[in-house]
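What follows is a pair of complexes built around chain A, which joins chain B in one and chain C in the other.
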Partner chain A sequence: MKKVGKFNVLQHDLVPEHHVVPKKDEDKVLSEIGIARDLLPKISRSDPAIKALEEIHGPLESGTIIKIIRKSPTVGYSVYYRAISSEVFK
Partner chain B sequence: MPSIIFKDTKKNIEAIAKKAPVAYAVDADIKPGITEAYVTFDKKMFTYRLRISAVDEYKEESSAIPKKKTGLKSTLTVESVESLDPVPISQFRKGKKKLVEFKDFEEVELPKIKVVEKATYLDTLSDEVKEIIAFAHKKKIELSVSLAEELARYRGSMKEKQFEELLSRVGKDLESKRIDPFEAVGIIAAQSIGEPGTQMTMRTFHFAGVREMNVTLGLPRLIEIVDARRIPSTPSMTVYLKPEFENSEDIVMNVVKELENTTVIDVADIVTDITQMLLTIKPDQAKMSERLVNHSDLLDALAKMKGITVISDADSKDIAVKPQQESFKRLYQIQEQLKTLTIKGVPGIKRAIARVDQATKSWVLYTQGSNLKEVLEIDEIDANRTFTNDIIEIAQVLGIEAARNAIYEESLRTLSEQGLEVDQRHLMLVADMMTFGGSVRAVGRQGISGRKSSVLARAAFEITTKHLLRAGLLGEVDPLTGVAENIIVGQPITLGTGAVNLVYRAFSK
Partner chain C sequence: MTGGISKRIYRIQFALLSPEEIRKMSQVKVITADTYDDDGYPIERGLMDLHMGVIEPGLKCATCGGKVDECPGHFGHIELAMPVVHVGFIKEIKTLLDATCKSCGRIKLTEDEIKSYSEKFSQYSFSSSDPEIIGLMSKKVTDEASTRMVCPHCGTQQIKIILDKPTTFREEGIKVTPKEIRERLERIPDDDLQFFGLNHEVARPEWMVLTVLPVPPINVRPSITLETGERSEDDLTHKLVDIIRISQRLRESRDNGSPQLIIEDLWDLLQFHVTTYFDNQTAGIPPARHRSGRALKTLVQRLKGKEGRFRSNLSGKRVNFSARTVISPEPFLSINEVGVPEKAARELTVPVTVNIFNIDHVREIVARGPEPRDEFDKYLAGVNYIIRPDGRRIKLTAQNAEENAKRVEPGWVVERQLTEGDIVLFNRQPSLHRMSMMGHTVRILSGQTFRFNLAVCTPYNADFDGDEMNLHIVQKEEARAEARIIMKVQEQIMSPRFGGPIIGGIHDHITAMFLLTHGNPLYSEAQTVHMLSYLKLDKMPPVEIVNGKKFYRGRDIFSVILPDGLNLKFSSKLCSSAKEKCEFEDDPLDKEVYIVNGNMTHGTIDEAAVGSFSGEIIDKIFRKYGSEAAAQFIDRMTRLGVGFISGRGFSTGINDYDIPESAIARIEEISQQAIERTDKLVETYRAGQLQPAPGRSVEDTLEIEILSTTGSVRDESGKIASAFLGLSNPSVIMARSGARAKMLNISEVAGMVGQQSVRGGRLNRGYYGRTLPHFKTEDIGAMARGFVKSSYKEGLNPLEYFMHSIGGREGLVDIAVRTSRSGYMQRRLINAFEDLKVDDSLRVQDTVGAVIQFKYGEDGVDPTRSNKGETVDVDYIAFDLENQEEVQ
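Now for the complex of A and B:
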């Protein structure tokens, strides 16, 4: 299902930056934060932000790591990682 | 990009999708140059998009899939069929105007945006701040942006050596303020939110109103956030307008009118006459003008209803409605349908109030009821700032990360409105815990605590027998890695020094 609309989820103030981590950098990221891929926080395949990213990058496999850069009131910005899960929430 | 819209049957579309690319014969003259067609099944929502590469005149002997048996005029070469998230008819434009009524094979435009990623936040930092972060990184100090910005202000008035000294002291201070490994941050957060929370119970439990609107505040609201309720008790939206419309009262009032969902019962009385099988709608002028509805709006809305005959007099304001099928059951059904018939507005928005924000001197709308998805598609509003207090809705429309931010901001606001100061980091922890699984999860039995991996921890929390019985049946294994289960079995808990194993090497080489 493709979304057609005038509204871009990624630009909303509540939505932090989402970036797709390239396949070749994934291992580097995982060893840097010292965690296995399946223990990363999840983001659903059906998440609006993921759907928007798919419009830019094409289909994303589950397991792909998404780098999220949040604006944080305490430290300015913080980096967070989520892995795409195949779970779909209604 | 020129597009057309038409109504079709699911069977036809599935047949095309199976064979695409394929020729498709339709019963209308279509201008060449059309590249897209949007298909609807019910004249309201459009669910398929066809990509069209060529438009030709229809020829008898062609092998095209026919839309109908007779009256075929043109052939479209369909490249592909895409299934869409339903697009309402109001999103299409003809010329510059919104499409109101569906007409088969009408040429329309669908305004589209190009989806782009947000500008990288790090690029917006000044060069000096970036340089300081890089410099500190070399000295193995991980500076936060806020600290680097602070340091940048002092840098000018300092000698290079002094600055290095300052930086190294900042580094040492940061190191000492770090949370220790295996510190029980969850317990600390629970305590830090819970303790001021008790103060709140004494002071609130009643509503505070914004003019004619009530919003749940205080402890009930906090419970609502943490419980991740599907629908909050007072859903409400804050709608911002695009900067160019923010100061024009006329446009603001029009948006209010567009937002408020007005039904027939809101502006008129319905009188049922059983003897004549007639329903009379008696519009209330005062209510009509308050809701900015006029007589023709009412008639337009009635025209969309099926199975009724509308009789309206030119000299009387009253409108008579007669069911086409004469039965009391039908009469009753129509009366019920009339009550909830939307004249205009966004479904779910009961009321919208415009106020001038004192700080920025521009108009902001507050609504009772929430429908983020549809409000964001309205032209005049600023879709990037508009938000709702319904966290589940945010998760559905904007994604899990937005929901995480919403949980944090809503809980912080609820607490600070009560004059309670809770460190932001505790609230961030709660927000992160609630969203780490990809969906918004409640704290408690149904959510985080109820889904712990350890059987003993779950059994110790709530519904002990259920968890123990289930674990016994399924043969669950408890590796005793958490806190609760270790207390139960009488071992040191896996926190602080209890989490560290020491190995003593008696003799060195």
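Now for the complex of A and C:
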């Protein structure tokens, strides 16, 4: 559970929604967007949003697909997918 | 074209050159510091030894026997008397010395640590893993080893090594010689090298300390012969001479047992020369200089930076089939054309491959020779060279033209001179967007300059104060097709930045259209015929008979250039800038433009209708009728504009800014009031009675109050002045139609220049507490802080003039700073984005196929095709349909 007094970045206005795509739906998502998993954009394991998701879902393994719903000036809401990577981006 | 891909690079390995390898690839051991003997013949075993290649015609390479252009050059080598460190590897040497034991050479890790780390390292092979990851791991391990002060293997107490930049190592203040360093590096066992990210098979650390120096081939450092017959050697050769000389002296001193001090001095000197041979800008040592005082350009300088090999010669190359000259305007050319001077056209050629279909035509052109003209002495395209199938080039002259015309057969290539209608690329630097390089069709003109339609100034950001532009002749059929279909000016009318036209009327075009249509004036038959004589047209506009004479309406004349069936409704710029009440508000005819079925019925044509960046009419014609119709409209509009304004005349002068005495007095009065109000504010502030605005200090509040006072007085004076300057005033016409300048500029000339500012605040720099010694210290009144109450027309007093210069200078500095910064930012962006592409499914990918965006711009809309960023303009489609029905 959430530690007392710890700030959840996902609740911030400027942070887009991050959702973990369930294991069983991953193949469906990948075939829908027609992309191999290793070609997906990455998100670092050390990303604050992933850390916040891990608080809820427990540890997430590399390659887990994250669905990100962003506000967009052109289409209202746009959906983006990222795969968790253990790399640390500088 | 001959040749193809003969070899492909499969992989690249980075390694160190070992001394043996340097000797093996060397063709000659260089021992003499001299270059040529008295007869100008290369000295054997000298720096210009013939074994290292040839640069003089007539001589043959002693290694491969090749002549000047055949021999690729060969390396030589210099045996250094004593070892010296390589500046490029200083960091690596430091880490190696830090992390290994000074006596046994093992890495300072315990056996257990070595075992666990080598397991980790063995997962990553040198040939296939990311060097960055290996580097990161290596840094962690070596950092850990470096902190150990006792060797876990032999128990020796370690002494900290300090790097005395750039190339000296010290242990407790005592110098460690390169020889000693090399010995320590030699002691490091192969197995420990993996922790440093080194592959011991190709990179032994002791190779980072040089004992042998490769001498680059002569082709790399050619000497040049001056007109006087004097030889001038390359900078690298100069440096190598120094190295050999010092090395020799060092060897002699060492062998005949000179004092240690002298040997050490020479050794340091050798180190200096070798260091500057690699990099002459090493921090901490003075750069080696030429006799003239110019710093030598050595190896690193050849590669690095904007003028270096990479950016200057590999990323950017000079090209053939191009021309550059000054540009000038030519309103009678289409926007798709470019005027090329005859002189340039004679030099620039297009290759024509001869086949059975064009052979007769080609023979005819070849027979004309290199400088043909027709019976009116007009330019005709000739031929400069003929290329035979075996690659031999035949220079065509007036004498051999007839004869060569007969020899031409299918398969030959004829280099034909530029001719009217050829497609070429035209470019102006800085090439900041794709419209900086567009396809034009050629018109051959007399004169010395490139010429083009004024509407194309905007995309190139060109003017004619001495600008030069480049012209490139497209050499292949595919490229010509691409240039015609996607690069031609008419295809670039729509800007990818905002989805509107970037090409449109400027300055006089807009003024002319405004005068022509505003108030729908009547023009006599003579006037009308004059302006319409600039256009090709099949019917005259509808005539209006007044007092038995023929007259034509301005809007009807404008309608002549509109395509049939165009329906359009929009507001002109005329009143868009008016904050409060617009003087034309109750006359909707002048403000709202109505075009039904290609006839303009209401409104005024101005910047919003035909200007670049905004032109509503151009936008709609492009969308409805395509690029060709849009180009034609711009051509005709600019021609009509020039025709109109050359008949009417248009000019402005200083008496256009005359306003009545009463108005001048009124402006004087309000500026005096503003100064008094400022004084009063200062007084209140001094008395400590000024109430601070929320969230601001009292000082800030005072400044803001004063700024708003002086700001409003300038607006006020502008209003007073412009009340007397109506739409009959040329400057006002220009400002209101959007042709040039703003109303603000007019009020500066006629009314008051107003408060000058630096960084958004009043002027406050200069002497202690004051801007100029003409004021008392701590005077923060209006005049002391850059308030200019005069107008440009009236003239500024010296103090005002000075204040105005300060404000003006800030603007100039801003521009200088901004361009360099945005230029570098643009460079980084271009490098980051250069190989991204959008595929058929609108996905943005890089070269590997990794996704950047799932749908381009998230909505998949090409901004070029969008309607100012929106996908569709439903209102316009409805309006268009509505009016089409009416017509039917």
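Following the convention adopted for this analysis, the second predicted complex is superposed on the first by the 82 of 90 C-alpha atoms of A that agree within 3 Å, B and C clash if a C-alpha of one lies under 4 Å from a C-alpha of the other, contacts with A are read in each partner's own complex, and residues count from 1 in each chain.
Convention: a contact is a pair of C-beta atoms (placed from the backbone, for glycine too) under 8 Å apart; a residue touches a chain by one contact, two chains touch by 3 or more.
This is a predicted model, so every value here is computed, not measured.
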First (chain B), second (chain C), both or neither touched by A:Thr74: both
Touching partner for A:Asn8 - first (chain B), second (chain C), both, neither: first
Partner chain in contact with A:Lys28 - chain B first, chain C second, else both or neither: neither
Contacts of A:Leu39 with chain B and chain C, given as first, second, both or neither: second
Contacts of A:Pro16 with chain B and chain C, given as first, second, both or neither: first
Chain C versus chain B, contacts on chain A by residue: B
Footprint overlap on chain A, comparing chain B with chain C: 41, 72, 74-75
Residues of chain A touching chain B in the complex: 1-19, 41-44, 47-50, 52-53, 55-56, 68-77, 82, 85, 87, 89
Parts of chain C lying in touch with chain A, wherever the complex brings them together: 841, 845, 848-852, 854-855, 857-859, 861
Chain A-touching residues of chain B, taken from the complex the two chains share: 49, 82-85, 87, 91, 110-113, 115-118, 120-122, 144-149, 376-377, 379, 383-385, 387, 394, 396-402, 405-406, 424-425, 428, 432, 435-439
Chain A residues touching chain C - in the complex, by the definition given at the top: 33-35, 39-41, 72, 74-75, 78-81
